[in-house]
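Okay, so chain A shows up in both of these, paired with chain B first and chain C after.
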Partner chain A sequence: MLSIRLAWRNLWRNKRRTLITLLALAVNTAVLITTFALMDGYIENAVRYATDLLTGEAQIHANEYLEDHSLYKTIDNPDEIIAKAKSHGINASPRVYGFGLLSVGNKSAGVMFEGVNPELDKQAFTLHEHLQGDGRFVSNKADKGMVLGKKLAKTLNVKIGSEIIAVVQAADGSLGTDIYTVSGILKTAGEKLDRSTAICHIDDFRELFVMENAVHEIALNSFRGVELEEIKPLLGTTIDGLEFKTWRQLNPSLSQMVDMSHVGMGIFATIFFIVAGLGVMNTMLMATYDRIREFGILKAIGTSPMAIIRDILVEAMMMSVIAICIGFVLGLATSYYLSIHGIDMSGVGGDVTFAGIAFDPIWKAVIHPASFIEPMAMMCVISVLASIYPAVIAARLKPVEAMNHV
Partner chain B sequence: MDKIININNVIKDYGQGDVIVHALRGITLSLECGEFTSMAGPSGSGKSTLLNIIGGLDKPTTGSVEVDGRDVVSMSMAQLSHLRRNRIGFIFQNYSLIPVLTAYENAEYILVLQGVSAKKRNERIMDILKEVGLDGMENRFPRELSGGQQQRVAIARAIAPEPALVLADEPTANVDSKTGGALMDLMRKLNEEKGITFLLSTHEKIVMERARRLFVLKDGLIEFDGSPKEGINIA
Partner chain C sequence: MINTTSMKHIRLVKAGTILCLFLLAIAFQTATAQSSELTADEILDKVDDLYRGDSSQGTMTMTIKTEHWTRELTLEYWSLGKEKSLFRILAPKKEKGTATLKCDRDIWNYLPKVNRTIKLPSSMMSQSWMGSHFTNDDLVKESRFTDDYTFEKSFDGERDGQNIIEITCIPHEDAAVVWGKVIVIVEQDSFIPLEISYYDEDMELARTMRFSDVKDIGDRKLPVSMIVIPADKPDESTEVTYDEINFNVEIDEEFFSLRNLQDR
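Now for the complex of A and B:
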């Protein structure tokens, strides 16, 4: 194709100028791709931490339980729901909650007791791995072991092995009290968990609160094996009359952050597109200006304005495709490196929390092809759009004046 | 024979207000198909202006211009572009080739726009390049050719689309007289073999004496129109 050869050779007439623009476009693309990969990694990490640690992808409660955390608003059919979830590959962990007091010597603190089924909870969540030092999670058999939040342990001034006294008002109105042993202390896991959570075996909890078989919450987690929107339909009628909430509803601030970061990425990309577009426009304007005489001759011998526009657009397209390919390889390589090694944020500010949830201080990128294709295609389109202006200028030149141009 | 160019009382003024230049003051002229005509005249007499108007690159201030039976004055840009692409070949003074295209590609460019098939393009261009004496040089870029050779490429480019008319503005001005003579012989040969009408502007005797008809412009008017033998002394 003559048009292609013409564009290709024209592209390299001013090697330095073309190379500089090419490099700028390539770096632009690479930075965009890397940024997107980091943002995706950040979001995914935040969501993973928010869901996998203990919240789950969704939770089921009795109607209005979340409003007052009343001891008496329990789920009637937990085993049926758990079995149904399991049959679809969704892990489910039943939990019970109750307020009370923990005290050691002359120190005491108000806490939220949380009873878990350790076997099921370990399948569904990673909280059991989120322990300091040589602490252990709650044993599978109820043994009055307790796991405390980091700040709570500090407030009570306890270590692993310390004995603590729990005092609660039981479901039957009586005063429930028992002695527990600290089996583990959580690492930083967000303000609420750090300050006021005490986790014990569900059977120990039921004994303390005098609540045979009670379940307040079933937390579900498929580790993203099941789409968020599909979880509810899969549970079918087992959750009739109960409240079903996804993590997006349970943690609206995180949900909003995720949405906002997508908007942020869009704005960021737009700025990059504008910069890239201006770069291409400038280069093509200069290239056009250098060739005014030639365009005059071409028009004089009968080249239509459209053909001239096409020639210039082909040239711009070539430049941007080359640049974007280079940028793609660069960006992919950087993203890949960052997806393996990540950026260590611990030096920047210690514990990293995001919407109330603590997470991994190593910030890793995630490579989602879908996140790149669009900006790359967009970059290509922008480059071509940006060269329309110079192309139109060239196409509208008056042949005689253009030919007399030196 | 049909008239390829028919000009009636063409006036061209440049500029406005006090600084009007009267480039053409009333030109009436016609060329038959197949003519080989040169146009002489001192610098500033309006030769380029007239060629540009005939080629539809410029509009006359008043007057009518018909080329190939069509009224050029009222044509749109797109129509003019089409007319030039298909019916008119242009040869300019110098450096009119596209530097990044080879001799072959320069000649090919318009044929591509005309939609001529690759095979036909190849046949036609190889023939023409041979005819203009550039056998074996088809892959050279303009910078690898002498001035005379470059003008041969320009001639090849002008006639490759098989136009009815070739307009040449001082085609030999930048080559030595021997080369100029050879270029003229070539154009004369193409005129005779293919029947393409040529209209050339010039300052040079070698061009005038090879034409079959000569007219001389002076201050935007035709001062002489006749045989080169008589006119050459006036020009």
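Now for the complex of A and C:
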């Protein structure tokens, strides 16, 4: 108790110096907390867009399907896989893909037709909410409705309700043609989707392409309810002979970006900690030199070097705890504000896309306990570590010399 | 994307174009007895010239074999010069009435099931499609051989018991041609085509076209059957057999209209 009271008194001997250091430490902590929260928000946003929109946490295809997207490389047991995934709380959406031509009047475009089971897709993904204006997603009943990518709709010059002609080469080599109605137009969702995707009901697709029961892809999404590494073992033997890929394998550039963000944050935080540490060391060093004579007397009357070190460390700890508390309040307030209002990035570059994924232009922070505890704990440890040097100097003073110090 | 029909049409038109070229070459050859003294450039240049303004009508059977399916189509076709042609599927039932109109560099398809005519986008022209052994560009290509290629008689004599002339065609550097090299083999005396090999830009064989079944059609001799084999899928092929060919038929430009594409 004595050392705490001593430390408190010592801290306020030079109010200005202590306050400046305190403030610097507090601001440091607050900035770190806010940055961590923003980075978490950014990464979470990226992962959410990469997975929840339509890619899923993982995908299953027939072997080598991804190499050439051949119409004939289908999954034999989709229902079994979907049932197995469901039993473990993983949403599964079966899909079929085929290349074809969409035409309206004089305008036509090559597109990738995507047949989905709307009921299952809505459970697993958020794409059905990613529509412009009053558009609708593909209805649960096959009614020849079609959802188009943003740029594709522009190329074809169509609106919701427009009639479009689909022309494809069916799986049996015959010519598949049909009339569809545009039911919805997607918001920006990445280059590939914007430019060339036309989504319809899986049954309509199968009729157009003459492919009964075919499934090319099963996209899985548990909304992070199941760890990424856990998914594959959970599916067991149902996916034997099939290709299983997590979103990190499907979109390596985004995966890398997420990893790089963590590294970047680490470097950023290290710099902050070093600056903070130097600040604390400076204050404590100055405080120590101020008190050389006192330490000399303390030693002369028999105080042990350890006691002196302890006193100085307690002093540093006290200062950092006060600073961190202030920093916590400041950082929490800023993060909370940014988690609600966010930073509007649309002014910077319009639609934000990276690695083929569209991002929400409002950059919001996410408050995780980890992004608070980490910088706070680190700041505390750094402050104490930075005080060891001044403390050791004080502890090793020779009483006579110290007392004669001017 | 191109539909099955137009792919077939493309194959047909391409086949038709080449066939016509050689038919005219033959016609030219019979007219000028010392034709074999002509250089490769001259032969094919004259073919190019002679080809223009010609018209034809006929029916053909096309058999397409791919890894996953085999089908046979019967078609009727009309052509006028190099610029205009029209194809209509007669069988099978599913595609009956489907028609393709090629007018200069544009391609339209009439789809009877949805009763609509669609225009093929220009971005699709240079692409090769799923299972297709031809590109759209094969259909619309109109430039002269000598505009795009440098010719050279690379062989003239006996090969495998047959007297042939081999002409190697190398595209000019600035020519809008997808091939790196085209080798044409014709019979020495008659100039009836035997084989045309297409090489890609890396000088790898891309596809081979073989002609067979030479018949007398009117006052001409020509191979009525041709087969195209993609080099990377030797088990696949598209074979075209002419069941009926009529040359210099009475046909005018109006025939090749979008209206006529649907009617009839």
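One rule holds for everything that comes next: the second predicted complex is superposed on the first by the 406 of 406 C-alpha atoms of A that agree within 3 Å, B and C clash if a C-alpha of one lies under 4 Å from a C-alpha of the other, contacts with A are read in each partner's own complex, and residues count from 1 in each chain.
To be clear about the criterion, a contact is a pair of C-beta atoms (placed from the backbone, for glycine too) under 8 Å apart; a residue touches a chain by one contact, two chains touch by 3 or more.
Keep in mind that what you see is a predicted model, and the values were worked out from it rather than measured.
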Looking at A:179, would you say it contacts chain B, chain C, both, or neither? Reply first, second, both or neither.
second
Tell me which partner A:400 touches in the superposition: chain B (first), chain C (second), both or neither.
first
A:297 in the overlay: touching chain B, chain C, both, or neither? Say first, second, both or neither.
first
Partner chain in contact with A:322 - chain B first, chain C second, else both or neither
neither
Which superposed partner A:111 touches (first chain B, second chain C, both, neither):
second
Touched partner set for A:269, first chain B, second chain C, both or neither
neither
Per the touch rule above, chain C residues touching chain A in the complex are 1-5, 7, 64, 66-71, 92, 94-95, 98, 109, 111, 113-114, 116, 118-121, 123-124, 127, 129-131
With touch defined as at the start, can you tell me which chain A residues reach chain B in the complex?
2-3, 5-6, 9-10, 13, 293-294, 297-305, 307, 398-400, 403
Residue set of chain A touching chain C in the complex reads 71-72, 99-101, 103, 106-111, 165, 167-179
Using the touch definition up top, name the residues of chain B that touch chain A in the complex.
52, 55, 57-58, 77-78, 81-86, 88-90, 92, 95-96, 98-101, 105, 108-110, 112-113, 157-158, 161
